[in-house]
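Two complexes come next, and they have one chain in common, chain A, joined by chain B in the first and chain C in the second.
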Partner chain A sequence: MRETKLWTWFMLAGLVILILLGLHMTVAHMGGLTGVGVTKAGDSVNEANSQARDATLFYPVVYVILLAAALFHGLYGLRVILFELGLSSTTQKAVSALLLIVGVGLFGFGTWGVFAAHALYAGRG
Partner chain B sequence: MWENIDKVQEVRFHVSRYSPERDSKPYVQVFPVPVREGMTVLEGLHYIKENLDSSLVWRYSCRMGVCGSCGMLLNGRPTLACNTQILDIAKTDLTVAPLPNFDVMRDLVPDLATMFKKHIANKPFIVRQDDAEQNDPSGEYFQTPEQLEEYLQFSYCIKCGCCMAACPTLATDSEYLGPMPLTQGYRYSADTRDGAKKDRMKVSGTGHGAFRCHYAGECSRACPKGVDPAKAIQHLKRQLVLDYLHLAKQRKPCAKQHGPGKGTRDPKIPDAPAKTVGV
Partner chain C sequence: MAELKRHDNRLGVWGWLGGGRWGIERYAYILHRLTGLGILFYFLLHIVVTSLRAMQIYLWTEGGFFHQPVFKVGEYLVFSAFAYHAFNGVRLILVELGLAVGKPFEPVYPYKTSLSVQRPLFIVMMILAAAFLAAGTIEFLGFVE
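Up next, the complex of A and B:
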């Protein structure tokens, strides 16, 4: 049933990506039209607006959730594709372990980056 | 019988030959076969065995698309030899090979044991939780036409192995359960008389189970009985996910309707006509 669990989370991660990417498009690429996430003068993706979003708690949390969902969805998909190559059971275990390490590493690095930026810009007021 | 053959044209049968005691690998032997309209590939193979090479081996039984014994690869397509007319698929040359994704026992005979091992693992039978009832059913079980419709098409499977031969996933992962066993697992889990869905899910939810299917759909295209295994596997995936999320409708095996001879007849049904034999 482990595969059922992974597959279910794979699909749920896809759903999360769909919603959060929708939010990303609304804020970053259609901010000029929607006004969502644009608090400073100028373009929605300029430095001032990006820093203002980083200074809030909402956007960093969204970034971290999106990062987790995208990493899990992408790496699980890659694992499925690699398994299609007819790998031996031992190699499959090694690939799973490697992808897990890569995923956790990237998630840790990304989360650190997001909250480091948050701490930097929130402190500036 | 072949003297009176109303010859229309000659078709060359390129038949895959292999004898494990004699050959290191399969090779192709060509046989010219006089073909008349309506002649099946199975009849063509019989012609070769009776007139050209009596050592040719293949498996068959019913000759009418019911038993599923004569599944083979005809011009690259897995199908039943008895159900395929030669002139429908070939004008001058026809390749005949054993079903791929199986070991070959000899010539055109695939070793279906691996398929049936996976089939049995999926408990392809109705399971009642009550042992006494399981071994000696004491009555009929109520099932509506709508409930029957849930699994009916999947029960038309004749276990010929054509879907397994067409499956690209099975070609890369020999441990993959494959379309037939998964479909039959779903067929019984969808049956309201059954109570072993959880047991089957433990098998179909593994790494080599339903989630290895990428919905290529070749199994459904290949099935000579019109069964749609790809659809069954998608239903199975939904069942597995909903069950994991605890969103699946909990179902108990349907109740027994009545014991033998204890039912009441619908008054609208007229009496049977009087006996005319053995009076």
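Up next, the complex of A and C:
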């Protein structure tokens, strides 16, 4: 039952990623083509454009939701692949704990990065 | 995900990496996992690198360590992997939910499998992935600044 719930969350996270990473890719890799998220001159991922996006509230919130969804989707997907190799239950618990620590740690670090950058550039206009 | 007992997958890595004589969907599944692992590896590094901008360190902009052609190509490969993984993932979710696989019917010779029903979905998703990839390729090749 628990695994079914986690699998359902895994699929839902995939849909969230599809939308938000689609937006992120549209900005970062197709910004020149679409103009989405590009308010300053030059490359869509140059410092000026990155800082302009960090200054808004919209992009930081999108980044944090995307971070949570992508970390869960990616690390749970890795867990499924590893479990299919036929690990013992002790190893399964160790793998789950390790992935949980990695996920929570990176979510904390990434969230700090997003909001610290927002605080840095929000007042600059 | 059903509970797996130890040794259920006797083939180990080859158990999910080997496609054998299964249909194209089986190879799509293998590629889905490989692209997923590639994206995950990139993503974990991406979190660390992009978070450094909070300390005003921009490693991906001009003059930065990651602003080299080899990393640009790597980034394009990640973009390609995302285009495939995303659209194939939508197909997998639809199939998982029992959509686009047709209604159950009595097996009568010559037998048909649900694969023949869902093949058009696979083709449509791959066309969408190719269109998304083409748009990214235009920018990657520098046709648009």
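Note that the second predicted complex is superposed on the first by the 125 of 125 C-alpha atoms of A that agree within 3 Å, B and C clash if a C-alpha of one lies under 4 Å from a C-alpha of the other, contacts with A are read in each partner's own complex, and residues count from 1 in each chain.
Methods note: a contact is a pair of C-beta atoms (placed from the backbone, for glycine too) under 8 Å apart; a residue touches a chain by one contact, two chains touch by 3 or more.
Just so it is clear, the structure is predicted and the values come from calculations on it, not from any experiment.
Engineer: Between chain B (first) and chain C (second), which, if any, makes contact with A:V64: first, second, both or neither?
Structural biologist: neither
Engineer: Looking at A:V95, would you say it contacts chain B, chain C, both, or neither? Reply first, second, both or neither.
Structural biologist: Neither partner.
Engineer: Is A:A122 contacted by the first partner chain B, the second partner chain C, both or neither?
Structural biologist: neither
Engineer: After superposition on the shared chain, which partner residues are touched by A:L23: those of chain B (first), chain C (second), both, or neither?
Structural biologist: A:L23: touches no partner chain.
Engineer: Let me test your reading of the model: by the given contact rule, A:R2 touches which partner, first (chain B), second (chain C), both or neither?
Structural biologist: first
Engineer: Identify the partner contact of A:L106: answer first if only chain B is touched, second if only chain C is, both if each is, neither if none is.
Structural biologist: After superposition on chain A, A:L106 lies in contact with chain C alone.
Engineer: After lining up the shared chain so the two structures overlap, which partner does A:L82 touch, if you call chain B first and chain C second: first, second, both or neither?
Structural biologist: neither
Engineer: Per the overlay, which chain contacts more chain A residues, chain B or chain C?
Structural biologist: Between chain B and chain C, C touches the greater number of residues in chain A.
Engineer: By the touch definition above, which chain A residues appear in both interfaces, chain B in one complex and chain C in the other?
Structural biologist: Common interface on chain A, chain B vs chain C: 3-4, 7, 11, 83-86.
Engineer: Can you check the complex and tell me which residues of chain B touch chain A?
Structural biologist: Spelled out, the residues of chain B in touch with chain A are 169, 172-173, 201-202, 205-207, 209, 211-212, 237, 240-241, 243-245.
Engineer: What part of chain A is in contact with chain C in the complex they form?
Structural biologist: Answer in residue numbers: 3-4, 6-7, 11, 14-15, 17-18, 21-22, 25, 29-33, 42-43, 45-47, 50, 54, 67, 70-71, 74-75, 77-78, 80-81, 83-89, 102, 106, 109-110, 112-114, 116-117, 120.
Engineer: Could you list, by residue number, the parts of chain C that touch chain A in their complex?
Structural biologist: Residues of chain C touching chain A: 1-10, 12-13, 15-16, 33, 36-37, 39-40, 43-44, 47-48, 50-54, 56, 58, 60-62, 75, 79, 82, 86, 89-90, 93, 96, 135-136, 138-140, 144-145.
Engineer: Going by the contact rule at the top, pick out the chain A residues touching chain B in the complex.
Structural biologist: By the definition above, chain A touches chain B via 1-5, 7-8, 11, 83-86.
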